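Labels A, B, C and D are assigned to the chains in the order they are written; within every chain, residues are numbered from 1.
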Amino acid sequence: MNSSEAKIKAAVDPQILTDLVLANRILYSLGVLDSHGHVSVRDSKHPDHFFLSRSLAPALVTADDIMAYDLDANAVEGRGRGMYSERFIHSEIYRTRADVHSVVHSHSPTVIPFSISKTALKPVFHMASFMPQAVPVFEVRDTAGMTDLLIKTRELGKALARTLGGDNVALLRGHGNVVVGPDVRYAVFRAYQTEINARLQLQARALEGPLTLIAAEESANIFGGVGIPPDRAWEMWARQVKID
Amino acid sequence: MNSSEAKIKAAVDPQILTDLVLANRILYSLGVLDSHGHVSVRDSKHPDHFFLSRSLAPALVTADDIMAYDLDANAVEGRGRGMYSERFIHSEIYRTRADVHSVVHSHSPTVIPFSISKTALKPVFHMASFMPQAVPVFEVRDTAGMTDLLIKTRELGKALARTLGGDNVALLRGHGNVVVGPDVRYAVFRAYQTEINARLQLQARALEGPLTLIAAEESANIFGGVGIPPDRAWEMWARQVKID
Amino acid sequence: MNSSEAKIKAAVDPQILTDLVLANRILYSLGVLDSHGHVSVRDSKHPDHFFLSRSLAPALVTADDIMAYDLDANAVEGRGRGMYSERFIHSEIYRTRADVHSVVHSHSPTVIPFSISKTALKPVFHMASFMPQAVPVFEVRDTAGMTDLLIKTRELGKALARTLGGDNVALLRGHGNVVVGPDVRYAVFRAYQTEINARLQLQARALEGPLTLIAAEESANIFGGVGIPPDRAWEMWARQVKID
Amino acid sequence: MNSSEAKIKAAVDPQILTDLVLANRILYSLGVLDSHGHVSVRDSKHPDHFFLSRSLAPALVTADDIMAYDLDANAVEGRGRGMYSERFIHSEIYRTRADVHSVVHSHSPTVIPFSISKTALKPVFHMASFMPQAVPVFEVRDTAGMTDLLIKTRELGKALARTLGGDNVALLRGHGNVVVGPDVRYAVFRAYQTEINARLQLQARALEGPLTLIAAEESANIFGGVGIPPDRAWEMWARQVKID
């Protein structure tokens, strides 16, 4: 494997690729990813490259399955491997958000009801302070009319990135969400807390309101607006999942 | 075992029988089937035969338990083995739907509330685009009055098949559902996504509407109306379940 | 162990005691019993005796823990072993219901909300046809005023048995339920289906009514009013739980 | 390790430290603690000391990770180990509540919706009789305005202890709860039952009221107001969790 991809992978901190494999397994074990969805990480040395598995269920991803992509979502070296049709979610967010080094796209189950309703997903507990005061929803019909809902082109990726704007989470109507972070551990932790927050907000609606949300000023105070760091959780999760 | 059944089983692609055993285990592990319910596959070479386990909990089914049936739901070779009393669900759907090669009947937990209410189960996310815009409900009382709710005769099977019509899913009031597909992997995948869709729609009702559903035009665009293919999930599930 | 209890246990069909140990493990694995709750079986040869574990979490019960009791809830041979304070639930039901050969008392989680509300638990799917059209609720305050809610005396046991009457299920307000059957397999199966029915009915309330329930005439038709038999489920459960 | 901490740990009943490690693992396995939250126990011989893990996910805590703290939340011997920033929850409750020998702080999932709503968490079943008739909620804004919600100072710890008062449970708005007990087994058992009670009360709201709660007089009758003892559950849990 003396290829371009091999050189790129050899040049990065090996911890990044290890973490990316762990991220796939962890998000599956937490129920954020099921057979579909994916997680990527930017190549910190060459920020116009990112790493993402070949088309494969996240629970099965190993280091050998990781491919390098450029910001047009082209594989650096395809070798005939299947690619996720929605890899444009990743490329277009990396293109517009220099601060983002990891992207999770999932069908996180409890965010989907919010994506099809008029109730905005909002931060209700301190672990979800990285969420905006009202999570934006990407309605693909506004961009492209009646489609198959999949983000399979650069244009759709761009439109989604515009909806995300400077936020850390956006929902995709009738589909799932995207969650971003400054590294893969943050992105994984935030994707999990987004799912938990959705469950809590949904349950709280059965109780008497008005509900007290996490205020913007409170979010700004939680680790300087970045939110609770993932380290304590990551240490546990990395021990719990097994890599074949 | 130089019998009729043995000859039929020897003649089919062995992957079909392996997949049928896996289908039983997978649907159990996903919580779609519990101790009851069953999954069948049509004999592609002799479309007037189908394969179905002897009367047994799906979690315990092995290749030896698979029996061959004709379209009257008679065992090709009974040998005194117990048969599911509701095998007429399968035979009558195969009789009227040449496009169907696999049938799942389950007590999929979250579809049952829809079967007894006035709220139709509807596709709310793209993974369930194979569902009709409103899933039909079979009310056995309309056909046969006060029964034991079980589909134990050809007539009841026919009536259920009429309710299903050309759709991929129908609910049975106070009982469960049937889900069909062009092969066993599609049928399993769809049965699972039907359960997930029911959970999402139920949760969404706690939020502010009106809800945005998957439009018919969108469904038609998702893999030509067939819906998301099962391959990525099947590869994972087949590795996760064990066959004794 | 040449004692009275040993003689009684030696005289019964050993399958009965094996099934009772399995019943404890199965009900725990299904989430019907947690650390509390208990299951008993009547001595079919001496119907004024029943078998019940010493005071112990059901998940830990072994054959050695099973004690014999008479219909006053006295141990045939106590030997200083701890006894469930609520064993009067069992003794008084056995005293008044000759048809009952097994009793489950549990804190089955989803029945408790029904026990404290004005909504009656009702059969909503065919697997729960053994339930009465409206499950009775035992309000201990009506019998004994402000107590600790525990059924620790013959009188409270008698009052509970009166509430149960000829039914197969009764709820205890703010506490749990009792489920009975003609043998331990039926009792276990019914206790599980009661929990499932409660979940389904609770979910259905989020949908548009009126809900269609299982009619009395339908229940009467399901296996002659006895309901779906437990065999298929028991065969699976018995393989899944381990006995140390 | 001939240090102050080592001497303190050597002097206490070793069962206390074993139980504290078990408590961490048990609360994780029950879903009361996830990657965050913590449980402490008072040094019964020197009631101005308490034991608490270094900053670590509860699922990973071993005996070596346990540190001794004084009532100012200072480590007796820090040795550079990370400390939970919210250890003041523990120190200030121990300072004001001589009867309390163990404190759990968790993000117990189902209590959080109550913490942000106008509906008080109330005891709905007998296992939760240790809860006050309406669980108090600590609103950190009342004490300190817009913060990061974390109890990182003596003042915030004191304010929380004031909200707890003489009760066994208090919620923290948008954050979680604290649960206390006369020993670590009671605290663990109560933390678990608090979570279960929250689930039951939330479900009951979907049914017709008014709901019948556990009356104060009933709570007073349940084991003299202390509530159901934890022994039966603890015996089971201690066998189920593994300590590396």
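Convention: a contact is a pair of C-beta atoms (placed from the backbone, for glycine too) under 8 Å apart; a residue touches a chain by one contact, two chains touch by 3 or more.
As the structure is a prediction and not an experimental result, all values here were calculated from the model.
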{"item": "Minimum number of chain-to-chain touching steps separating chain B from chain D", "value": "2"}
{"item": "Turn needed to bring chain A onto chain D - CA fit, degrees, nearest 5", "value": "90"}
{"item": "Averaged-CA centre spacing for the pair chain D and chain C, given as whole angstrom", "value": "33"}
{"item": "Sites on chain D at which at least two other chains make contact", "value": "206"}
{"item": "Every chain pair meeting the contact rule", "value": "A-B, A-D, B-C, C-D"}
{"item": "Partner chain C, residues of chain B touching it in the complex", "value": "34-36, 55-57, 59-60, 107, 109-110, 112-114, 116-119, 139, 146-150, 173-176, 202, 205-206"}
{"item": "Residues of chain A touching chain D in the complex", "value": "124-127, 196, 199-201, 203-204, 206-215, 217-218, 221-223, 228, 232-233, 235-237, 239-240"}
